[in-house]
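Next, two complexes with chain A in common: one pairs it with chain B, the other with chain C.
So, the complex of A and B:
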């Protein structure tokens, strides 16, 4: 019994409730948001330390032992993801006051921000399939509110699509859970895993697994279910886009991670083999989308899709090297995507447009922004020594061990094109004559750059200091490859 | 503009609203171990308040019930979450619950459960949400 496991979920909830009372006092809200996000970071840092040193933290709510009650399981994978979530929350909390939300800040932006964090954290921590659905709904409710915040016409249009696709996939999710419960008589993940193992994952169970995969694939925006993502992610304010891009799709891919490394692991040749192809197609179609547009926000949004493809690739290959690569890439991508969305937000703000064709010569006025974008392009594409490189190296090495040569070629080509798609922003927006955009007045970027620098330096450290981070990813992978550890720690056998 | 004649509605409302409110409180108090609960109690209370709005109009009810329904949402959430956080103080797992029997004058022996407090939070949240939604739509021209 340890109440520590539930704290990362409760703390944002408490923050959200308190912030509702202070909604009209913007300055108090801002200060409280910063304080709460920093406390959250400290707390999750401590939990991470605790998990690494003393092993998985398990909490049985209401003193109902597993599998009868709802359990919260903070294992090493959950802990590292929760920590990353809180790092991004801190960056966004510090960016938000200067993000140009204006009046929208008073439309309960900060409470919804914390409700979102709470839902995401809960989804990472829970050890119960139905509870996972509940936390999905918590974060989706908050995201519906955030995406439509302010109610511009274009926001309403995109949020309708977003809402419908998510409602549909949630419906499928409940149906799939009903199938699981009907077939196995439990929704506790550890017990599901145990029973699937006993039943040797017969036909119907694999079918249910694939159904769950499609649910999570919709949330994670994998091929062919990604069409709702790019446009709906670019319509809200950059800080909201950053939260969405960094966290929401990652909850989907995390769920695939959990379900297909813990539960449905007995028919790898049937399930995981397909994932590799989905991964490859996601990479190809995602990057084609990114190359097809000259809207810088859309370029970044489309880049989410190949990244999800890379993470799925590791799960598909399913050996220790590839899984550790997936974990590394997942963390790397959460950090760099939020940094890129924030960065693009600043560029759009200073240039007054998000259309690349109307930009040019920004480097003369904003050299720092230019170099930040330059570095993040390298980080994203996976140029050594940055963090993307380590993740991709491990992934491709794993794929090579599994003898999936085709996917390696696709992956390498995609990486190259990713670099091109982001370098295109750098070339078109920053190169060129000083007055390519006419006489532009220098706008203040105070408060907007520091969070980006914070996130980027983290990315750089994760790459340069891979020596210190790799063992963690490696131990997580080793842990994930043996589902029995999870089952035993939850069911205490 | 014709003058509405809603004598019957007003007369029955003054009677029915009290029955509804009384039954709503009963549902709230009974909810944790028999049919009912904070959610349905909250719905019923908002139905009663809504009936008063229909019969007497916005101005009159505002005078009788000077409550900002929006603020009931965070208050309810805080109560509900508070019952969970209480477990930290007593050093038991999150969301643990307990109950005991107490003897009150007039009422006799009554069971009091901490689950009721959670229901109370739900009750306030539901009233807040329902009234906010309905009044927002009603104000829309």
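So, the complex of A and C:
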């Protein structure tokens, strides 16, 4: 019992409420946002240290003992994800003042920013299936407000679709929870897991599991449920796209992680086999989307889909190597996707367009941006020694151990095409004559580059210093492969 | 009793999905409202329907109503109420700005 578990949810919530009062004073809002995000980072860093040294932190809200009340469980997986979330929050908080939000900054941008962080953190921490739904709604509500901020014609149109698809999948989620409750009589994840192991009729449970998978697959944008993602992630401001791309789909894939390593592990040969195919198809269709467009924002948005495919691949293969690869790749992808979205935001800002065909020769005016994009292309594609390589290596090694040769080939081909899709941005936007875009005036990128450098250097450190990070991912994988540890730590038997 | 309610929630789901597949925006909004009703009734049925039983377990009471589904529905109703009102505003603004409420015309172009 420790109140530490609830602090990462409460802190952004309080910050959001305080910021509502300073809405019209932009300078105060900016300063407070930076301070609160740094405090959040410090706090989650401390929690991470606690979890690694003293094990899972569990909090029973209102002192209701485990299966009856709502439990908050900060285990090693949740702790590392919450820490990454807060790192991205810091980067976005420092980027936001120069992101060109203009008047929109006064439309309660900062409060919604913190509501979103609070919802995401809550979804990672909670140990209760219905509470997971509630936190999904918290983060979705904040995301609805952020995506439509400003209210352009296109923005309204795309956010309506985004809202509808999420509303539909949320209702499906409620229905799936009703099935779980009807079959097992509980919504506490640890107890569900325990009862699934003991249940006689497991056929219905497999069906419920697949239904839950489709709910989370919609939120995580997996094939064939990704069609809502690219356009709706492109319409808002880059800093909002970066938050969405780094956090929202990852909450979906985290839920698949949690549910299918803890609860529905009774028919691995059926459920997880399907995942491998979904993973492969997500990779293929996602990367085809990225290659089909010349809009740089869309290229990055489409690149989310194969990344989710890679993470799902590890869950599908379900051995320790592949799971540790998935965890590594998940963290890597959160960091690099936010960096890429911010970077593309800067490029669009300096070029004045997001169409590749109208760009060229930017390297003469902005050499630093060119190099940053060059490095991030390598990180994304998984070229050694960057972090993407370690994650992919572990994933493919795991797939090889599980004898899934076909998916390895698809994965390798996709990696190559990912490199091509990002290199296309580099070649078209940065190479070429100095005057390719006419006489462009050099715009100031002050305050925009530092957060990107911060995120990218983190990504490089995760790759070069893999010997320090790999043991953590490995211990998380060992922990996830044995659901009994989670059940025992929550139910205290 | 459970069977009747389950059929009712099935009908609600079916009409909801029929409405969601329409082109007119308001019909889609009504579809989402019906969908949430169907889901809520479904949760209620999953906790078994009883009349005249106390919702708490005390000594000597062997028959009781399950309070948990009711708590879940209450939370879910509040959430879907909030989302529906947001959706109505958003749908209204979208129709005003784009000058159409036909989803076919709200498709958008490639490379936008």
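As a working rule, the second predicted complex is superposed on the first by the 491 of 493 C-alpha atoms of A that agree within 3 Å, B and C clash if a C-alpha of one lies under 4 Å from a C-alpha of the other, contacts with A are read in each partner's own complex, and residues count from 1 in each chain.
To be clear about the criterion, contacts are C-beta pairs under 8 Å (C-beta built on N, C-alpha and C of every residue); 3 or more make two chains touch, one makes a residue touch a chain.
Computed from a prediction, not measured in an experiment: that's the story for all the values here.
Participant: Just chain B (first), just chain C (second), both, or neither: which does A:144 touch?
Facilitator: In the superposed model, A:144 contacts chain C only, not chain B.
Participant: So, A:179: does it touch chain B (first), chain C (second), both, or neither?
Facilitator: After superposing on A, A:179 lies in contact with chain C but is clear of chain B.
Participant: Classify the contacts of A:426 with the two partner chains as first (chain B alone), second (chain C alone), both, or neither.
Facilitator: A:426: touches no partner chain.
Participant: For A:156, decide between first (touching chain B), second (touching chain C), both and neither.
Facilitator: In the superposition, A:156 contacts chain C only.
Participant: Just checking: does A:293 make contact with chain B only, chain C only, both, or neither of them? Give me first, second, both or neither.
Facilitator: It touches chain C, and chain B stays clear.
Participant: Look at A:374 in the shared chain and tell me whether it touches chain B only, chain C only, both, or neither; answer first, second, both or neither.
Facilitator: Neither: A:374 stays clear of chain B and chain C.
Participant: Looking at chain A, which partner touches more of its residues: chain C or chain B?
Facilitator: Of chain B and chain C, the partner in contact with more residues of chain A is C.
Participant: Would you tell me which residues of chain C are touching chain A in their complex?
Facilitator: These residues of chain C touch chain A: 20, 25, 28, 32, 35-36, 38-40, 42-43, 45-47, 68-69, 72, 75-76, 79-80, 82-83, 86-87, 90-91, 93-94, 97-98, 106, 108, 110-112.
Participant: Going by the contact rule at the top, pick out the chain B residues touching chain A in the complex.
Facilitator: 71, 73-74, 77-78, 81, 84-85, 87-88, 92-97
Participant: Of all residues in chain A, which touch chain B in the complex?
Facilitator: 1, 3, 6, 10, 13-14, 17, 20-21, 59-63
Participant: Show me the residue ranges of chain A that touch chain C in the complex, using the header's touch definition.
Facilitator: Touching chain C: residues 130, 133-134, 137, 141, 144, 148, 151-154, 156-161, 163-164, 167-168, 170-171, 174-175, 177-179, 181-182, 187, 231, 234, 293-295, 298, 355 of chain A.
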